[in-house]
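Look at the two complexes coming up: chain A is in both, with chain B in one and chain C in the other.
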Partner chain A sequence: MADSIYGLMARFDSASEIFHAAEQVRNAGYKHWDCITPFPIHGLDGAMGVRRSHVPKFSLIGGLTGFTTGMSMIWFTGAFDYPLIVGGKPYFSPLFAFPISYELTILFTAFATIGGMFLLNWLPQHYHPVLKSKDITRGLDDTFYVVIEARDPKFDLARAKALLTQAGAKEISELEA
Partner chain B sequence: MAHSAHSEHAAPAILAEVNPAPLPRATLVESKRSFNWVTEKICGIIEGPTPRWWWISFAVSCFVASFTVIGIAYLVSTGVGVWGHANPVNWAWDIVNFVFWIGIGHAGTLISAILCLLRQKWRTSINRAAEAMTIFAVVCAAIFPVFHVGRVWFAVLPGYLFPFPNSNAIWPNFRSPLEWDVFAVSTYGTVSVLFWYIGLIPDLAVLRDRFYKAGNKFKSALYGFFAMGWRGSNRHWSNYEMAYLILAGISTPLVLSVHTIVSFDFAVSLIPGWHTTIFPPYFVAGAIFSGFGMVITLMMPLRAIFRLEDLITQYHIDCMCKIILATGTIVGYAYGIEFFIAWYGSNPYEGFAFINRAFGHYAWAYWIMITCNVITPQFFWFKKVRNNIVLVWILSIFVNVGMWFERFVIIVTSLARDYLPSSWGYYSPSAVEIFTFFGTFGVFGVLFLLFIRFLPIMPMAEIKAVMPEADPHSGHGDSKH
Partner chain C sequence: MSTHAATISSATVSASAPASSLSGSANKALTLGIIGLVATAAGLAVSGGKAVAFSYLTGIVFWTGIALGALFLVMIHHVFDAGWSTVLRRQFENWLSCMPWLALLFVPLIISAFVAPGMIWKWTDPSYDLAQVGGHGTVAQDVLWVKKSGLLSTTSLVIATFIGFAGWSLLANRFRTHSFTQDTDGDIAHTHASRFWTAVGLPFTALSMTLCVILWVKALDYHWYSTMYGVWFFAGCVRGALSVGMIITVWLWNRGDYKGILNNNHMHSHGMLMFAFTVFWAYITFSQYFLIYMANIPEETFWYSLREINTDGQFNTWGYVGFFLLFGHFVAPFLTLIHYPVKLSKTWMPRIAAFIAFVFLVDVIYNVMPSLKKITGDAYPFTSINLLWIATSVVGVGGVCVWAYLNSFAKTKLIPIRDPRIGESLTHHE
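Presenting the complex of A and B:
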């Protein structure tokens, strides 16, 4: 185990190269590793063995909260806190409360989805060894990188380098922690 | 992390073996451009020096916007009587302008959400600018309902529009479609901003790193702050893509509901010509129609100025024209059905309202509407017309004009001639009203010019993702020059 480095960063020049490299790293049994890509590559989640995102759970909770908030707010204001007859209509009815509850469902779902995405991605995180690399500009432009972290239990500098070279890496650099 | 890599068998091995038959697809980025070309092209607009035309347009837009500022200041200091409203026409240009602008916004959400769900990949090069258009249109739209109350502080004080506890102990009337509108439009504005911002994050990260490399620490920090430390990690992309999909999924019912609720403002009332069940779908189709008109009005000059022909191709223009054709035809059909139902429903007031629209005092407005909205889009049946960029742009202006008149016809003709002949009237706008509306184009222009100067006008990551080299199964396509 190398303590002084964060990990290895290996360059690949096309989407299909990193796709196959990701399969090999996954099959080698690494857990703490990642791909840096300028855009989401179709199927790369499967090649990396990343499981389905948990974001929808946040969305569901947000949506339910929003709908409940809408309905209970309209009931509270119109039927409980200050009952007032307007146009001979009932103090509360789920029918006239629906449009606003519907909008609040969407509003809360949006916030929960985005909040969930940030939480799961642990963003904002303005400091990261990958961002310190001089290659990150290209990594967000037209080049693809595999990063294997040193904290992975299977990590061994020489073996990881060999794996990445065998997977077709064009260039391998060490990331400082 | 929530989901680390697990067993070796997570991905079906068959993926690598599947080899679907190649079907010809429209090219979305022409001239076989590389990923790097896309980055350079779009970042270059922001990184380059400010062009002279930008300053000129910006100055003109600021000047025009000042009309809105002055008009509103005059309205607030004097009273809502400075507008031409008088009994029986108490809704006029204010609500016309509100519906006009909010409708324009709908194309942005249609492109970013509905076309995303329908996997229409051509949306990628126009969605950023169209979403920006949505947000700025909502800003312009919001001016009118807020200020048409005259004593504007009542609109912002707690308890009147939004339910906050207040010293008068009153709550808003949730039975009213106008209150539904408050929630619909404010949700729409908020979710549009969120959706737009989420789309911007990866591109802001690109700019952050490019400015850092170029030695501009201030801009790097500024873009970096909003980029949230994005680093292109695929584990992040996985959650990001899911969040984006969900936002698209909820924005779709949102955009449909917003104009539905706007149409409820009219349809739930008892005014002849307003009280019709066709209003929600007809308003939504009209909104998308007018919004695409505005997208073309904005994108054609941008395409020419920034030489974006490889990114906004003839195929993109064709698609937009066809949507205008489809929605314009739906709108024309709705005009016809309104007449049919007015006759078939045997309500003399309803029948009169429609005869009056077409042949009454406001017939001039009605026939402008019919010409612009029903006849104009029919030209898009012809490929020759769609291929003529200048003609497409001119026709898009007609669409914008026609849709403004549609709202004018609906709102004003019905109010000017309602049940009691003794209360009939004729409405003309005042100079203050005309200039206030004129100024909103300046407000929109200022915001849009700032957007094209400081933010990437196209989503780089999304464009790259629809290029052929982005497909990991496309063979070993080299992304380099």
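Presenting the complex of A and C:
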């Protein structure tokens, strides 16, 4: 039975309801679940037990790559490939390579951040099983949903239903796989 | 929001805990300050007027910078009609109580320009013999002074310093009065009045601060040109004030005052400002260096040469100080403040803040002290007895600032309880 559905979708009517429901689902130990809300709710990530994102690691790598690229590019063009004296300055100095390195640090950090965010969120994602539900549009408008996925190791249809009911769900529906 | 603000009012936020212990601390700070000032004065007998005057100038520019930074932060809060920083603004307002005292402490330097012209600022005495500092002729014969003599005169010095301190003290007084009065009457007119004074005060402070720092510090070596100077000082001032603010925040947090008032997001936002101004300072300081390096004009490059090599080509101690500024004022704070958990840490943030304030002092020393030149035109080494007079001056002026702050702190509420944005601030990002 549990194999044939994607998961359970429970409706809540307010931000505070879903906030407390999220805390209960978190405490029940589920891993594969999500909240669908029409707007960002401050502190919901904490209530869901979501840890800090890994995006900054991508940013750091991007930044270091950018800085190194800038420095080595100026060294390569000005001191290695075609040594040329400009304005009586040395062939290479980190000083005049700094502005370009700094620009590339920012540029590569931005690319890595956006790229890392897309990668970690599995974006772009043109289809998601919750889209099969007709009600989901309301989750983008005026109502709130908690979705617990069947692939969660703790998932048991009856128990998950009981948990959501206890958490105050107004309506619980099963999502097709 | 308003109901939330009402519930936390007088019950939890009384006019600050044990008043007796606080006034005790305030008196200790004042005693320490007076000891510092007396020790500095005693230095006159040991190292002579010139060295001590330069050291005292370093100390007072450092603390005036921090006070100006606090003034800017209060004004920036008002000009953006900011919400989240309302709870933190009160401590900056308390800090501003030192402004008139700084004016008073600056007076000896102004008097010295009359009693011993040329001692600190060579151009206060046009007959000053430049041979004493490795030059030739007198100031009056120096074309670079003649061209700048419209600004570089004792009259300008006195007028600029007076207008500066008078204006800053007036602004400090206005922001403090309006904010403290609002605690009792809750009248929104005080918020509007503060906004008015900000509109007047921001351009005024930007210009007067630039003018004063040019006359006080930059014109110690009056040959020099740099269009970045005012902005450089502004960046340093705000970093100093944010650091003092962070130390105060964590002090009050650990004392328990901020229980239920501040949350992690205030720490995060405050830390982000410190991070942003770290990058801003680096940007400005690097730009100043870079433009001078690229243009390579002697009237500009000598300022950095003096701080790196002696006339015989020897690398001097100021070169190491320069590298310390690069790594200590930019690289180290950048790499630590960039981490989210560090910005929330009550252990790390006051340490980082104290370090940034310390390096701001080193930055001021780097700008002031090398202008105290030997007869060869070289700077006296960084490590000298003058560091002691700088230390006594910093303790002296700082003691007075801390005393003024603690006195003001004891008399006012912990947060602006009836500010229209207080509710928003208490629930910052929650």
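The definition used in the following text is that the second predicted complex is superposed on the first by the 176 of 177 C-alpha atoms of A that agree within 3 Å, B and C clash if a C-alpha of one lies under 4 Å from a C-alpha of the other, contacts with A are read in each partner's own complex, and residues count from 1 in each chain.
Following the convention adopted for this analysis, contacts are C-beta pairs under 8 Å (C-beta built on N, C-alpha and C of every residue); 3 or more make two chains touch, one makes a residue touch a chain.
A quick note: this is a predicted structure, and the numbers were derived from the prediction, not measured.
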Partner chain(s) touched by A:L104 [first = chain B, second = chain C, both, neither]: first
Which of chain B and chain C A:F96 touches, first, second, both or neither: both
Which superposed partner A:P124 touches (first chain B, second chain C, both, neither): first
More chain A residues in contact [chain B versus chain C]: B
Which of chain B and chain C A:G87 touches, first, second, both or neither: both
Chain B versus chain C as contact partner of A:G43, first or second or both or neither: both
Chain A positions touched by chain B in one structure and by chain C in the second: 42-43, 52, 56, 87, 89, 96, 99
Interfacial residue positions of chain C with respect to chain A in the complex: 286, 289-290, 293-294, 296, 340, 429-430
Chain B contact footprint on chain A (complex, rising order): 13-20, 22-23, 26-27, 29-56, 59, 63, 73-74, 77-78, 81-82, 86-87, 89, 96-97, 99-100, 102-104, 106-107, 109-111, 113-114, 116-118, 120-128, 130-131, 136-137, 139-142
Residues of chain B that touch chain A when the two form their complex: 1-8, 10-12, 15-16, 34-36, 39, 163, 169-175, 177, 179-180, 183-184, 187, 190-191, 194-195, 198, 202, 205-206, 209-210, 212-213, 224-225, 228-243, 246-247, 250-251, 253-254, 257, 261, 264, 460-462, 464-465, 469-480
In the complex with chain C, residue positions of chain A that touch it: 42-43, 52, 56, 87-89, 95-96, 98-99
